[in-house]
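Two complexes, one shared chain (subunit A), two partners (subunit B, subunit C).
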Partner chain A sequence: MGRLLQQVLLFAAAALLRLILFLVFPSLPDFFTGRVEVSTPVTSFKRLQEGLFLYTRNVSPYDGGVFYQPPLLLTLFSFIPDSIFTTVTALLYIGLDLASAQALIEIADSKLSGHELFYKSPRRHSRWGSLAVAAAFLFNPLTVISCLGRPTSIFSNYAILLAISKAIQGKTGNAIIALSMAAYQSMYPAILLLPLLLLAHDVSTQGIIGTDTGFLVRHAALFFGAISALFGLSYLVTGSWEFFASTYGNQLLLVDLTPNIGLWWYFFIEMFDSFREFFLGVFWLHLLSYVGGLSVRLRTQPLFVTITMVGLIAVFIPYPSISNASIYLGLFPLYKHIFPLMRTTFIYTTALLYSIVLGPAFYYLWIYAGSGNANFFYAITLVWGLGFSLLIGDSIWATLRDEWEVTRPEMKDKPIRQI
Partner chain B sequence: MEINPKQSASFVARTLQNKESKQPPAEDTATVKAKARVIFSFWSVVLFLGLPLWLWTTSIHRANLPVQEMLAWANGKACEVDVPLLFDIKAPKLTHSEAQDIIRGTSHAISSSKNFDIQRVQWQLSETLDGPRSRNSEEVALSIEFLEDSSSSAPIAQLLLQSKTLLVQYSPAMLRSNFGVYSVDIGKVIGEKLDEIFVEEQLSIEYLLASYSGCNKQLSRFSSTGNNADHFELSAKQARRRTRSLKYAPTYHISISLFTPGPVPTSWDIEAAISEYLLPLLESYSISNFTVDTQLQLYAPFSPSMRSPEFDWIKQQWIIREEDLGGFMDTANWPLSPNIGAGPTLNFILYVPDESLRPLVINGSGDHSWIIPQWGGVSILNHVGRIPTILSKEHLRPVLLTFSRQLLSLLGASDNPTSFPQQLQMLTRIHTLSLILSASSTLGSLAQLAESLATIPIPEEVALRVTRALDHLQMAQRNSHAGRFRSALEYARLAKAEAEKAFFEKDMVSQVYFPDEHKVAVYLPLLGPIGVTLLASLFKEIKKRRPTKSQ
Partner chain C sequence: MGLLTSSLLALRRDRGLIEKLPSYVSIICVIIGVVWLLLLPLDEYSRKTYISENALLPGQVHTYFAGSEQKIFNAYKHEVANLTGQPHHAYEQCDVYVFMLIVSSVAPKLVEILRSSGLKVATQKYEYVVGDDVHQGENVYGIIHAPRGDATEAIVLVTAWKNMEEQLNQNGVALALTLARYFKRWSLWSKDIIFLISADSKAGPQAWIEAYHDCHSANVESLPLKSGALEGAIVVDNPLNHSFESIHITYDGINGQLPNLDLFNTAVSIASGQHGIPISLQQMWKSGDSYRERLSTTFRGMVSQGFGQSTGPHSSFIPYHVDAITLKTVGQGWQDDMALGRVVESLFRSLNNLMEHFHQSFFLYLLMHNNRFVSIGTYLPSAMAVAASFTIMALALWIASGRPPSDTSTASPAKLSEGRKMEVVSTGDAVAVVPQEDMRVLERELLLPVTSIVTLHILGIIPFYLFNHTNQQDLRYVFYIFLVVNSILPYLVASTTQSLAAPTLQHKLLLKSFSFLLLGMFLASLATVNFSLSLFIGLLSSPLLLVGIRPVSTTKTSWPRKMIENLVLQTLSPPVIIAALCWSAGVSVESALLEAAFGWHVWGVWTQVIVWGVWWPAWLAGAIGVSLQT
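Entry: the complex of A and B
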């Protein structure tokens, strides 16, 4: 069976599964849309529809503090006629999932994980096939649920995957534009700019050792140019700059404290007012501080840094959802060769499964049954965050170990201790 | 898991052996450099982004307050009661010099009394037979009109009820003097009358000043050093009046309710009664506005906690003990409205007792109405015979007159009201002073608070309000000294409102109870672990570098 056929079959199966879920259980999409694990205030499909309703009736969608998403999404969705809105959006989201899988296949095909330009892992031959990686992404329950819940973060997920795959193919301009779209839509992908630039740099300046600062500056300027153009376009569409305060202002200042699976909302409900601004800054700086450290330490593996940052984003942004987790879990199997080096697999696997099962239960106890309180749900989100950060930390450790074995080949597969 | 002791021992031995034989291999320079750069990268985020963020977001904004001026007001400037009392003399049948003589006599008479020490008495002759007319811009405190009446043997001075006028009847014979000695001293008569009219106001002002901590109390009759025999009684009387009356407000709400335990009366002609008996009073009380609502509540029995009235066989009436008056109203079940709208609410309750319980009076005094301090008044309607289904205007007349008296009393008027316009003016002056004092005291407290707590933020809003309050205070006092009492009252009210708003500013108060120790609890849980990790790695790096440098 040819690989193309396999891929077609895989995509057809994934699309069919989603279509069946959309058609056979028509209440399922709306159910997932209403879940806090899927929809956050900045990605909710319901809020998008609300904004769309206002927008098509020439009322500013940002009045009333319900809609926090950028205006060009509204323009996109306003082209869909009302009569076939549900069908078209379902197909659109299925298409986005498949396109993401395609980008993932392209990333996997490059075999860059474990075999980057300046770094060759001794274990690089242990890897899964591209289709297996895509299948793990497409049939991950978190991905399927995200697709049904239709949060708009799917768009930025796709843009991020596209940016990575284009950067790997040496199409740096396309990659930067894709990243600027992701950043325009949800702001936090801007954090990926540095690792992605390093990745593109290493690919496009094949063989030259050292970093070409001019390349980085040029493409950073392109990024800011592209995102400014998107802002300008938004201004033309809405006729005012008020979308800035509602979209990015809300993410920066955490205006909407609706619970989600992240770590921010509870912290800032409890925070003393006079320290609010300070800790908002601390939380953002915390996320930001990883970029520099990781980029410097793992300079030879920018793809791994990019993927790790995607994972950190899934834990530490103000409004994370399971769709942020699903993209990291989709990218992570690329690093099959470091799996044997990871140490605490059992702990975080169980922690993640435990929180996936208990999260909805505790949310139910808090909101509907009234027999629990906010601490129940927050505790579970803490476990989720802990599990995820352990996974990321362990993967970084495994990568460093892998790197170390390049210099100490005699220590391969031997237990190590601190000396 | 069970560990074989033999095995583990050999494991330990092996590791020990390893330790001895193997030295850690030197890290290659690229890794060492990369490690240093990682630490540098984290620390640069902390130092170049974190530190400015911390300084910027947690700095406390303290607007400049005119502390000296605020304290000056609190410590005595507010006590400057230099209020003019302008007496206007209208004597069309007297010559200028005769009038001057009378003024001199009166001045002499009142200068011996203590009652005019605080306020400044001024005279103006607006009408005489021949003399020049003087006219001051100030508001006239009292007009003194001379009326010639040859038949009278002694001068009579009496205050007209509906205006600020003291009518003096005299006969021309009284004006003739024998070598400067008058047969009858008109001036003295007028002086005594003035003394009688103004004693209440003077006492109130003195009491206010004495009870305000910032004022010099030497002159006051209420000062604790005074050994005046009447001191205690005077003081108690003033205190009673102060506690009974409401604070001045530009708008009051009046709620008139009828409660009866039975099914009758089903209706009352209250609207007509109010417009006839209460409205004239409300309209002439020109320093405040009033809103009125009424309600009628049937089947409203006494509060269950009250002892039921007893029948007095001798007087043939039902009596309520005085100590039970507090429980008379069933506040849980009677729908007595709390404050509606902007101003404070005054409640007036008309209680129509059941036929079997009539007449119902209070034990001792035999009264059937009483005042509840700062809240309102109650009146019992002891109607003779069957209660009509509709209470007419005439039935309500005594009740509303009682309510009018209670209302005036609650508004701060004196117990023995003389002329209503004169009362009103007196209230204006007293309210102005009391508002000025209270605003000054608030500003003083605010200044002290700002000085003693260096960590509380002072928003610009507060500074702005304080400045405005000080301006209004200045204007209030200036107007008051110039005799423009109405505008003085208005300015004093504004000053008080601004001062209160400045003092109770939300952002400021929240920080008062936030001592520095609490900041440890705020910072440490999150920043502690992060900080320890960062510092440890920094120290390790520095330690690593030292020996290499020395080598």
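Entry: the complex of A and C
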């Protein structure tokens, strides 16, 4: 069976699964749209429809504090006629999932994980096929649920994957434009700019001239240019700059405190107002601080840094959802060669699985049964955050160990000990 | 610490022990869970109930429902008796068709009576279709607007025309009508009072509460008249034509959710404290306070909670966060209907005092007597210990799956020195010598076990669908066919897998590991929502922990052991257990399944989802694991 045929079959199976779920259980998409684990204030499909309703009736969608998403999404969705809105959006989201999988296949095909320009892992030959990676992404329940819940973060997920795959193929310009779209839509992907630039730099210069600062500056400028153009376009569409405060202002200042699976909402509900600005700064700085450290320490593996940042984003941004987790879990199998080096796999896998099951149970106890309270759900989001950060931390540890074995080949497979 | 580490490291050598230890630990966990439960009724572990919300002030007011109200009650009793068409006759013989005719003529009359008492009255027709069964009827309800309130809160008095046992609730309805007239005259109400007379006890209250919250389907009419948020509901069920002895309080809601303990306590305190009427629970008619009786009450409560079915009209209210209980009169004694009326009056006066929704007291508790309970903090560890036993076993099997197979089943010191490469492991100042092969971790092939586990869980949809969408007359055959197919299914799957995929020992270990992991996880989560169901399923699945152990050693399982294992598995399969439960309860499998299907379609009871989506896949995985030859 040819590889192309296999891929077609895989995509057809993934699309069929989603179509069946959309068609056979018509209440399922709306159910997932309403779940806090899937929809956050800044990505909710329901809020998008609300904004769309206002927008198509020439009322500013940003009045009233319901809609926090950028205007060009509205323009995109307003092209869809009302009569076939559900069908078209379902197909659109299925298409986005498949396109993301295609980008993932391209990333995997490059075999760059574990074999980057300046770094060759001794275990790089242990890897899964590109189709297996794509299948793990497409059939991950979190991805499927995200697709059904139709949060707009699927768009930025696709843009991020596209940016990485273009950067790996040496099409730096395209990569930067894709990233700027992702950043325009949900702001946090801007954090990926530095590792992505380093990745693109390594691929396109092939290490001939060391670190080319000019390359980095040029493409950073391109990023800002592209995103400014998108802002300009948004201004033309809505006729005012008020979308800035609603979209990026809300993400930066955490105006909407609707519960989600992240670590921010509860903290800022409990916060005294006088400390709010300070801790907003601390929380954002915390997330940003990883970029510099990781980029410097793992300078030889920018792809790994990019992927790890995607994972950290899934835990530490103000409005994370399971779709943020699904993209990291999709990229993570690329690093199959470090799996044997990871130490506590079972523990954090179990923690993550437990929180996936306990989260909805505790949310139910809090909101519907009334026999629990907000602490129940927050405790589980903490476990989720803990499990995820343990996973990321362990993967970084395994990478460092892998790197160490390049310099100390005699220590391969030996238990680590303090020396 | 150093000593501990080195002895732990040395333990790795002893394969016999390390293979058996986790199953011992997990069995001990199960035993701890059961013993824990048995300790609960002791005075040291249970607590006396107390009123937590001071605003309730139970039994602090004088009740005036007596004297001339008695005459009015008798008059309404005659009115109701006339409505039934068969005064002073047992209603049970009357067939459904005649009943429908009567009900259709009942509603207008009840409307008229309530309206003449000065209430705002409305009706609601509903129809539920389950399989080919149609449940329909018409609810009548009236609202007294609070003279001192603003229509933002309401309390409900429910009387069903027929109670759960299909008896006519003649005196209950008459009492509700009298109380409606009586309450209307008082000016002290600060909450609206809704009088709901539902056509039956199962579908009627559900239709009404759904429509009250606008969650109803197309076959249920919307309510033309509404009030504020419901703060509580009291159901009066008085089918007796003579004076009664005691009041039986039913409190379990759908899916094992319970009303706030304060509501129950208020009712107990008013009935037994203020009015001297004995209280019984969980069909323990002669309720003493000995250890046995407490244990028995707890167990009955847990069974009822575990099934999650409705136990009275109040059950439908609880999922909507409306705390509700049913008061049912039982026995032959000297308490008359007016006494019941006074209890209800006093209860409504207490509810009227509520400043905010019930929240002070416990929502998760087990009652063992009128005034004794255990709260979740005390009893939860027993279900958690049972759930943890599966997680421990999953962890052990995961570790075992990473061990390279060895031809030495037990390591003796003599063998250690023979030609096995040794490795020195030190932690701090502790040093241990460990065979090198024990330090290696095999790479695990996850694809086959993961896909099989996911498939098994998805397969659960098939029995679930079958039992909820089959017509009544076919249900029995479908069940027995499923029973037979289910008993041979593990062997079929095992032999097919054997010929197709050639599973290794590691695959088998991982399959069991993941199955236990998921089971432990689901049970732990379920224990927070429906403790009893989680515990029962955990206990019924616990033999899975024992079958097919000794994972790594190459010694073949002896055939008597294998026989016993298969026998145990077959006896504990979900369909066999269901059949056994029905047999012991003396109901036909068909009616039990029909009731469960009704529960799923009308009440939204999840028990079947848990049985077919959690228990059955775990059982199947365990049974396949035993039949797999590796």
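Operating definition for what follows: the second predicted complex is superposed on the first by the 417 of 419 C-alpha atoms of A that agree within 3 Å, B and C clash if a C-alpha of one lies under 4 Å from a C-alpha of the other, contacts with A are read in each partner's own complex, and residues count from 1 in each chain.
Simple rule for what comes next: a contact is a pair of C-beta atoms (placed from the backbone, for glycine too) under 8 Å apart; a residue touches a chain by one contact, two chains touch by 3 or more.
Keep in mind it's a predicted model, so treat the numbers as computed, not measured.
By the document's definition of touching, of the two partners only subunit B reaches A:Asp273; subunit C does not. In the superposition on chain A, contact of A:Pro340 is made with subunit C only, not with subunit B.
When both complexes are overlaid on chain A, the residue A:Arg401 reaches neither subunit B nor subunit C. When the shared chain is aligned, subunit C comes close enough to touch A:Tyr364, but subunit B does not. Of the two partner chains, subunit B is the only one touched by A:Leu285; subunit C is not. Of the two partner chains, subunit C is the only one that A:Tyr354 touches; subunit B does not reach it. Within the superposed three-chain model, A:Gly293 lies in touch with subunit B and out of touch with subunit C [touch as defined at top]. Residue overlap on subunit A between the subunit B contacts of one complex and the subunit C contacts of the other covers 417. Of all the residues in subunit A, the ones that touch subunit C in their complex are 340, 346, 350, 353-354, 357-358, 361-362, 364-365, 368-372, 413, 415, 417.
Touching subunit A in their complex are the following residues of subunit B: 15, 22, 24-25, 28, 34-35, 37-38, 41-42, 44-46, 49-50, 53-54, 57-58, 457, 510-511, 514, 522, 526-527, 530. Here subunit C touches subunit A in the complex through residues 257-258, 319, 321, 357, 359, 363-364, 391, 394-395, 398, 423, 425-426, 439-441, 443, 517-518, 521-522, 524-526, 528-529, going by the rule given at the top.
Those residues of subunit A whose C-beta lies close enough to touch subunit B in the complex are 272-275, 277-279, 281-282, 285-286, 288-289, 292-293, 295-297, 299, 407-408, 417, 419.
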